[in-house]
Amino acid sequence: MARYLFFRLLDMVPTVFLVLTMVFIAMRILPGDPALVALGPNADGGQLEAFREKMGLNEPLGLQYVTFLGNAVRFDFGHSLMSDVPIGTLIANNLPHTIYLTIASVVLGLVMGIPFGVYAATQRNKLPDSALRIYSLIGYAIPDFYLAAVLLIVFSLNLGWFPINGEGSGFWDGLHHIFLPALTLAMLKSAFLGRLTRTSLLEVLGRDYVRTARAKGARESRVIYRHALRNAMLPLSTGIGISILATLSGSVAIELVFNRPGIGRLLINAIQERDYPVIQAGVMMFAFFVILVNLAMDIVYLIADPRIRMKS
Amino acid sequence: MTDARLSDFPVDDLISREALADERGLGDVVRQVIFGRISTQVAFFVVVVFIVVAILAPWIAPYDPVRQSILQINKHPSWDHWLGTDQFGRDVLSRMIHGSRNSLIFGLLSPVFAAFFGTILGVSAGYFGGIVDRLISRIVDMLMAFPELLLAILIAAALGGSFWNIVVVLTVAFTPGFARVARASTLAVKQEPYIEAAVAAGVSTPLIIFRHIVPNIAAPIVVLMTLWSASSIRIEATLSFLGIGTQPPNPSWGNIIRDGLSNMFATQWPIVAGGLAITIVVLAISILGDSVRDVLDPETAR
Amino acid sequence: MSEALLDIKDLTIEFGSGSQPLRVVDNISFAVSLGETVGIVGESGSGKSMTALSVLRLVPEAARVSGQIIFEGRDLLKLPKREMPAIRGKEIGMIFQEPMSSLNPLMTIGDQIDEAIRLHEDIPAPERRKRVLALLRLVGMPDPENRLSAYPDQFSGGMRQRVMAAIAMACNPKLLIADEPTTALDVTIQAQVLAMMLDIRARFNSSILLITHDLGVVAEICERVVVMYAGRILEDADARSLFSNARHPYTQGLLRSVPTLNDTRKRLYQIPGSVPPAGTIKAGCPFRPRCSVRMERCAVEMPPLRTYDPGHRVACWATAEAAA
């Protein structure tokens, strides 16, 4: 197992390297002159030159690349062009909020989605099953930012039950503020996870070992929760991983709608202000997040499935 | 949230034998898809209506979608403005009608481009194997780890939003998925005796690929294309909403909602209209996509 | 015949609905006495597995089951659904055909056997552990102490079938149903599993209902044999008289197609044709198209089971005519 983990970590190195290289290429080569992009068309020659000097843009490309990699490995992202704040500080201020939102929405999504899926699977082709089908179809079609806007208009603007924006201070106030954003993401997640639960559970319920469990004299609830659902959790955990990843992209729009701090809003604001060191850092944060979640999913599989555990 | 579901698309399910050994003509398939179920007929009708509206936009839109008018700010719906006006006094219905062009064109263009490049990559990887396969698979796996929307945001962040940039963004975001399906299908088809026979008979490689492999992997590619049309429309909407897609003052459903949100205390009609349009179109296309899959590949129809 | 433990009467199992239901088991009746080992023999599609599953009411939900399955005086088909779990595993144990997929891959085999005990008996964990170990020894599992925490994937097919048997025997059931327990196994392992079943029977004095397509297996352990074909019983006799004096042309054909050690035939006998798909025979005897002694009457009317010697029933017009 330790050996497997070691190789799995080793396997991440080229991926991280590739991501960094792609970020470097995208930032240095694609948009033309970064100085011009950053300072805008009205900057004079002196300003541009000073900017290039400051950002090390006059160095040969190869050296820039090495410096870039070195800084990235040390998590040194430089300073924001707009506010001159160290980017590490910006991330430290924003990252926790994105993580809170991710955790809250995943937990809520699981709590809503899995029981719904189980119920639909046990009531196959009956009303709850059709309800789940429609719920998941709409959940698939409705854009997250639209759902967010609707919830905001109904519950904050018209009913006044929840604050319109911000992150709040303290635990309870924070919970009050995070509820609608988390609910938005959780509803979409539960549409996806509910459907996935239903499909995996139905698949597992047809397996021979489920028949064995029944033949032993296990009651239907035990058959479902102890035997079938545990086996269905394996494909489901991939789905949970995917929905955690989806929160990352979803959080960008949600943070914007509810005006919450977070990595997503940081990135979008940076894009609008052409604050390219921040863009670069935000892109890398997301990329590392993705790699990390994938790694975590592999580890969960490793722990949960004795078949994989034995082989590695 | 939404986009990532497709990265979990069950690739193996897409390439069951039934799908590979399909001998129905295109006409039969189209007929079966459209006249299959009531829900599909409705979905088809909805999609056709939206496409017609998009094509006829300049002729049927009552106002110029970008003309501002200080006298007509934040009007609620009326006979003159069916969906009211926004904070710049622009007619929301006209913006919606013109916006449908920007929104739909990406839904149709990007999946086609992505299918083209993805198929080339996937078939090369599957057919030639070896180092080609390892290189392509490695990059595809890496890109597949990212939800499409996130990938799109990251690329758009680097490129900036213009029409062709968004097409490029969406194409790059979708290509890995097509490549993976094409590769898996190619591997499956390659096992078939008729391919081995063709190789043994000395048929040239390009001929084998274009005459035998590509037609046989077309079904899963088409299924994926319809499903991703829906995704593509939604992602364009999201990018435009985030301000990195279609740039104002050009309307698209995404940036109509964006403008609406900053003005929600005054009027909420633009948000409702834009959101409903996206939801309805994406819903209709996904229902169509499900039917296409059911018809082309009854194995996975659940 | 001594008192029947299991008495199946007019059992019919149908799939599909409307005017053309698919009848996979057609009006069959037979009994299993206390301590008796009965084999149901038939080719695939004969309905023998469905019959076995119906006893525990484990047939797919889409199936419609009618008739009576009387176990210890109670009709299991009339029992409320929620009372079945108390009978499954406790009164009637079952071993399935597919040892590779019949065990839960995420549970240790110790837990899976333990569960079978815990579901029915309220005894403390250390006692249960002792019972699990005893069961594993009984089914011939080498080194059972070290196998408790192993997962099914670490076992071969034969070993898994032993685990299945341990689960089925966990509560000392009165009836053991074994559905093709040896089919998926290698020949040498088959012999071991059969020996294990003989051993189980000797120790527990359970009745056994053995479903198989293999006459060799039947000859080895069964006292009575029921021959099924296309959902019907064609012959029902004690093993000795069946093997020495088979009366139905189908059974005769089956016996002729079994190779023996002093075989002098150049080619093995083969019954011409193949089993008709379930539900395709609308009238008459289902074996008629392949039968060498068929008569006109066979096409019209299904012959009833008729008793010849005591305990030997045969459904065949030709046999009836020859006996008359």
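Some notes on this structure:
Order as written gives the chain letters A, B and C; numbering starts at 1 within each chain.
Following the convention adopted for this analysis, a contact is a pair of C-beta atoms (placed from the backbone, for glycine too) under 8 Å apart; a residue touches a chain by one contact, two chains touch by 3 or more.
Everything numeric in this text was worked out from a predicted model, so none of it was measured.
Common neighbours of chain A and chain B under the contact definition above are absent. Compared with chain B, the chain whose C-alpha mean position is the greatest distance off is C. Here the spacing of chain A and chain B, counted between their Cα centres, is 22 Å. Here the spacing of chain B and chain C, counted between their Cα centres, is 54 Å.
Once the centre of each chain is set as its mean CA position, chain A and chain C turn out to be 53 Å apart.
Contacts with at least two other chains are made by no residue of chain B. On the side of chain A, the complex with chain B involves touching residues 14-15, 18-19, 26-27, 30-31, 137-147, 149-150, 152-153, 157, 185, 188-189, 192, 199, 238-239, 242-243, 245-250, 252-253, 256-257, 267-268, 271-272, 279, 282-283, 286-287, 290-291, 294. Contacts from chain C toward chain A in the complex involve residues 56, 58, 82, 85-90, 93-94, 96, 98, 101-107, 115-116, 119-120, 151, 153-154, 164, 167-168, 170. Those residues of chain A whose C-beta lies close enough to touch chain C in the complex are 207-209, 211-219, 222, 227, 230-231, 304-307, 310. By the touch criterion given at the top, residues 1-5, 7-8, 138-139, 142, 145-147, 149-150, 153-160, 230, 234, 237-238, 241-244, 254, 257, 260-261, 264-265, 268, 271-272, 274-275, 278-280, 282-283, 286-287, 302 of chain B touch chain A in their complex.
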